[in-house]
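Shown below is the structure under consideration.
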Amino acid sequence: MNGQNYTVWEKQQQAKGVDVAWVRERIKAFKVETPSWGYGDSGTRFKVFKQTGVPRNLYEKLDDAAQVHKFTGICPAVAIHIPWDKTDDYGKIIGYAAELGLKIGAVNPNLFQGEEYKFGSLCHVDAKVRQKALDHVLECIEIAKTVNSGIISLWLADGTNYPGQGDFRERKHYLEQALQTVYASLTGDMRLLIEYKVFEPAFYHTDIADWGMSFTLAGKLGEKAQVLVDLGHHSPGVNVEHIVAFLLDEHKIGGFHFNNRKYADDDLIVGTINPYELFLIFNELVAGELDPATAATAAGIAYMIDQSHCIEPKVPAMIRSVLNIQTAHAKALLVNRAALRQARQKNDVLAAENIVREAFETEVKPLLAGIREELGLAPDPMTAYLQSGYEEQKVGRGRDGQGWE
Amino acid sequence: MNGQNYTVWEKQQQAKGVDVAWVRERIKAFKVETPSWGYGDSGTRFKVFKQTGVPRNLYEKLDDAAQVHKFTGICPAVAIHIPWDKTDDYGKIIGYAAELGLKIGAVNPNLFQGEEYKFGSLCHVDAKVRQKALDHVLECIEIAKTVNSGIISLWLADGTNYPGQGDFRERKHYLEQALQTVYASLTGDMRLLIEYKVFEPAFYHTDIADWGMSFTLAGKLGEKAQVLVDLGHHSPGVNVEHIVAFLLDEHKIGGFHFNNRKYADDDLIVGTINPYELFLIFNELVAGELDPATAATAAGIAYMIDQSHCIEPKVPAMIRSVLNIQTAHAKALLVNRAALRQARQKNDVLAAENIVREAFETEVKPLLAGIREELGLAPDPMTAYLQSGYEEQKVGRGRDGQGWE
Amino acid sequence: MNGQNYTVWEKQQQAKGVDVAWVRERIKAFKVETPSWGYGDSGTRFKVFKQTGVPRNLYEKLDDAAQVHKFTGICPAVAIHIPWDKTDDYGKIIGYAAELGLKIGAVNPNLFQGEEYKFGSLCHVDAKVRQKALDHVLECIEIAKTVNSGIISLWLADGTNYPGQGDFRERKHYLEQALQTVYASLTGDMRLLIEYKVFEPAFYHTDIADWGMSFTLAGKLGEKAQVLVDLGHHSPGVNVEHIVAFLLDEHKIGGFHFNNRKYADDDLIVGTINPYELFLIFNELVAGELDPATAATAAGIAYMIDQSHCIEPKVPAMIRSVLNIQTAHAKALLVNRAALRQARQKNDVLAAENIVREAFETEVKPLLAGIREELGLAPDPMTAYLQSGYEEQKVGRGRDGQGWE
Amino acid sequence: MNGQNYTVWEKQQQAKGVDVAWVRERIKAFKVETPSWGYGDSGTRFKVFKQTGVPRNLYEKLDDAAQVHKFTGICPAVAIHIPWDKTDDYGKIIGYAAELGLKIGAVNPNLFQGEEYKFGSLCHVDAKVRQKALDHVLECIEIAKTVNSGIISLWLADGTNYPGQGDFRERKHYLEQALQTVYASLTGDMRLLIEYKVFEPAFYHTDIADWGMSFTLAGKLGEKAQVLVDLGHHSPGVNVEHIVAFLLDEHKIGGFHFNNRKYADDDLIVGTINPYELFLIFNELVAGELDPATAATAAGIAYMIDQSHCIEPKVPAMIRSVLNIQTAHAKALLVNRAALRQARQKNDVLAAENIVREAFETEVKPLLAGIREELGLAPDPMTAYLQSGYEEQKVGRGRDGQGWE
């Protein structure tokens, strides 16, 4: 039945001037990485509700990630978190992943759970703690090389809880020194993506609080250092798509952590609270891909999910996230950019706004279903997964308290 | 030396028309309750840094609370949290507390850590879960009677994480039904204080999201139900002192949970981020005490601390909180209300603003030190505590993982 | 061509269990009121950009409003603002409106532009100013009776700019007194809708700052007083759809001022910044209409637009607003409520979320186009209006500095 | 009487290790610039309440500014706004100012009130509009040279109101091109200070939205381009003092626009809503002055007031602003930096926090009064001004609608 729907849909789009073949090609080329820790338990400071069948180790997380890839077709890479996913034999991991059709994606150091990080890691006043944190990041770079990952994704929880507690500039200097060493250890095409966050777990100041700070640090390091944008790490009202466009223009955006929020870093499924914002971000990314001046930077962006599923089952939550991202991307491809350019040139505010919103309002289910069928996938990945029996089978696993907490 | 300082200070205040004797009397009468859970470990979803010497049970928490009272002189009551502080023999607890010069304050039910509360407690779709939650609150009322506490402090973590997840109105009905039963179980002078919170741990909606919802629920129940204001539970920008004044005027403010925040429910030491806001709240409370129409309501307000000290030592953090509250209260007593009324009547904006701010800018250290000396306390409670050796002695305690998490 | 599209669409919806006939009927019954002042110039404190062809009086505003109704078919009523729209002969206005197929909607008093309102109107410390403000509201009630309008829409700009400036509770008492008189003047089915706003033009406190304050005031007055929700009048992050559901359940929601915002009271075209929020609000309203317990309240809600079009042409901006509202309403009608109820009962978070979001993602253009054709309207109202020549014709008007200020 | 108070005060401070002589010297050296437009009428989009005696031209504004300087002693410079303060004879202005003991400070171009700026100025799609805006800035540079001002203070109102309306990156390119020309026109020690603002008057995106964008633009230009921080131009919760420290460390902070806010860009009197934040900003600035690595940058910072006094009399409002700034600066000088450094080195959070807060809580009235007396000023500038009769005398002026608009 989708075939018929799709034929109608395609005709409508062509009538609007959409190059449907190009749209289909771009959709097929789009990939998003899922995080190993997204398959484990997570929660809030008040409670971590343990789920049944949670993966006990990286192998089982890869099993779960493989399901997401199996049904969506666009998630071949899995980000890992060290030491949560530390192992003695990364070769075995690579092999196991390969059997599942997967590879290892970004490597994420953990600089917030060691007892010594109570007052900071790379920004700590004590040189010994800073060295320990630095060594951990360097270890992660080595692991990245071992697992053929090109990306170190650095989130720093460092900050202070009270006015006066820390010396902002001294901490900045410590950070800059450490990052120089980190940067010098990158080889080949490896990149260092520097994340920022306005608050939490620190409640007065965060050492890398906004994109401007990530950008300044990355700028001093060099081309291999870029900014990572997590959608939930901004103050209320901040225009994220504008930041994305600005960073694209500066060739300094390196990746995304996708999720959604209504209040703070709520880490909800991407596209569930404000789907239009997600679409508008993709609208900038597609424009950036089409512009020769930014195409290379846009092509290098690592699309990654980073969410915390507190109450919903992990694998379906991840599938939903992937589908919502794919949907937003597909809609952004439908924007009639020639018409948009014309409307902007005339300052026809209402026409320009309408062109963008209309693409968002266009249903892309027939399109995505058709592409999936072409790729041998079920047209509705969620239903197919839920009917596959994997959820029930997973329950058989034991428990070992893995996860976010 | 303080004596001399104080004499100068007193003359200055009298010159401004301050009734110093009345101010001193009000300061002496002011008490604030500390929470048993504030002495245990707490943290963020990323990490709970365990401190040494953390109390292992309610007895040890009372020991710590007694220190706060010993050095500040204004914290004779300790709020408890059930089941964290549950015990077989509350009589023994009362006796132990009495030996320390303490009594048990508000009783706080816990409706967020049971596995069955994953999707809510009193608002859960399943009648069995609702009944369990209700039974727990009723149990807390019985405990309150046993420990001679007059206050049930109800914070509901209920809410949803996604649009569509829950039926707002159905959940409201469940809540109203449960609260009717709770209210019917109150005896004598007992009061039910209903807390609200804009978000966290729920990230899309909270069933009691703002003061208006608490107020509506409390209004339907009757006089014994009132609103509890936690300073960290509002959206950015919300004018908390206005809400306090409004609730006072409606005779529906029953208590405070003091803390401070810069971003969300950061639960920092009260008065450390925005001390002027704290003062402005007390400015409304003092005005409410002086107005016959609101004096009774104001007199009944339960002043309580609810903070989460993630990185700072617990007992000194509590002492600091108490001192900051006492300071804000003392400054609010210095506002020249006759002059303020005159300025307001003339719409002399700058004069009115100045009268209030000037009281805030007045140093009250000599005053408070003098009062403490008069009461046989050290003039500087923090220094006295730190020199007492209690912090070091506490370290000898073992550990049992008590606390917030 | 739409016919074919619609046939496909209808089959899809029926397959999902949607009662398409009922949906069509509800869409046809839905009306939204446009504001006379939305056709005049408006701007920011920095600049009001004057547009050509702006209406010079209420007659010309009605001309413009008639265009919006002509092309959308759902805007038969026009809200007026006194004294901006004050006239000597309301009978003539009613007659002129009737010729255009229009009637007069809500009457809006203006309590913020008189020089005497510098420090407040109904909350002013000076009884003479309060009386003047009260007289103006009473005058508006008389005007409402004259023009057969059932609604007084009261927005109070009162507030203070500095701590200490005003006495919160005294101002509240003045307001309550005035509202009692206002309420007593309502006759028949007239209703008083009380708006709230968190800030602006007052920057420290607003006398009616949130829904809780409107609700409390309305509750004391009686059944004819209800709360008016303006979508841009909340603090960041506030869950507006939850407030809507809560007020519905209390039978106290009386109307909406539709617009959109990203930051503060930006007064942008509704549905252009966060269309999902708009849909979620309608999702609650449709649920409220279907529930016998709230159906009467829901049926009585006055849907009104209140925007400030600073840079875009007025009539098309209004048409766009109306279309976006109609679209959100139509999508909300597609929610499969039986399935949603089942998913909620099972706490199937992902299924419930999906049911709601899926309705939002459904394209309703074929549906709306079909209904318009059935009603003798052009399927695409915006294009039809722009091709009608009215915009160009309007330019011929002179200017007299009408508008929002 | 202050003499006695001061003696007591000085002894207390010396006992705490404060170098009082150095503190006094720093206070005497501190200056803050007032804005010519701060003496004219201003308001909100809803209403500009006209005040009596408002200055009708730059001469009268200088008269008012001279009063502020006369009573505070620290406001010798006055910022001007072109074309509001445009004149045919700047030599005459300089002479008149000199007679009053004043000089002209920063020159502020106006790129938001021309009709042609409806869709932007330096970022407009039309090259002719961009050129006009550029010409205006170049004209302002020439005026600055004429009036011996070293600072061009650039605030850009450019932005868009709707998603899709503008091409973020194209607008950025236009801006960068224009700024290159502007920068090339600076001579000698002139500096270009680039302001940022999160929103208003644009409501979807602002072309220079945050410090990171100002910083990036300034960085590409060179040393003479720096960032200007307006305290009201941030999203809720943003840690401004952290940004100040970061920019200091990068030698890129060039100036401040002081004011205060609770919600958005409320433009209230500085220090009236959150005095602790103001103090914490000065705490970073004093630390920056004491650090050889940042001393030169800190010394070059232009301290300027930019407020909008909607309901309060202009000259007293400006005096209050100046006094609050001076107070915050004086308190920041009292921070015991040696002790603070020690506490930070030990991660003694509570001690570090206390050192900073304690300085804030210290009353500096005796100190400031003493310094004023030494300088031949009245100890209480506000009272002295109000008693001077100038307010009453000002009323005699006519009116010509000057001001903020």
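A, B, C and D are the chain letters, set down in written order, and residue numbers restart from 1 in every chain.
Keep in mind that, in the parts below, a residue touches a chain if its C-beta (ideal position, glycine included) is under 8 Å from a C-beta of that chain, and two chains touch if they have at least 3 such contacts.
Composition by chain, UniProt nomenclature: A, B, C, D = Rhamnose isomerase.
On a predicted model such as this, the values are computed, not experimentally measured, just so you know.
Q: Figure out the least number of contact steps between chain B and chain C, where 1 means they touch directly.
A: Step count on the best path from chain B to chain C: 1.
Q: If you list every residue number at the chain A and chain D contact, are more than half found on both copies (same) or fewer than half (different)?
A: Mostly same residues: over half of the interface numbers shared.
Q: Please report how many Å separate the Cα centroid of chain A from that of chain B, as a whole number.
A: From the centre of chain A to the centre of chain B is 40 Å.
Q: Quick check: what residues of chain D touch more than one other chain, meaning two or more?
A: Residues 118-119, 161-163, 198-199, 204, 236-237, 239, 262-263, 269, 272-273, 276, 311-312, 349, 353-354, 357 of chain D touch two or more partner chains.
Q: Chain contact graph: line, ring, star, complete or other?
A: Graph shape, chains as nodes and touching pairs as edges: complete.
Q: Going by the contact rule set out above, which residues of chain A touch chain D in the complex?
A: Against chain D, the touching part of chain A is residues 118-119, 125, 160-169, 172-173, 198-199, 204-205, 209-213, 215-216, 234-239, 241-242, 245-246, 248-250, 276, 280, 283-284, 287-288, 291, 294, 340-341, 344-345, 347, 349, 352-357.
Q: So in the complex, the part of chain B that touches chain A is made up of which residues?
A: Residues 42-47, 49-50, 112-113, 115, 117-119, 157, 161-163, 198-201, 203-204, 236, 261-264, 266-269, 272-273, 308, 310-312, 404-405 of chain B touch chain A in their complex.
Q: Mind pulling up the chain A residues that touch chain C in the complex?
A: 4-5, 8, 12, 236-237, 239, 262-263, 269, 272-277, 311-313, 316-317, 320, 327, 349-350, 353-354, 357, 360-363, 365, 382
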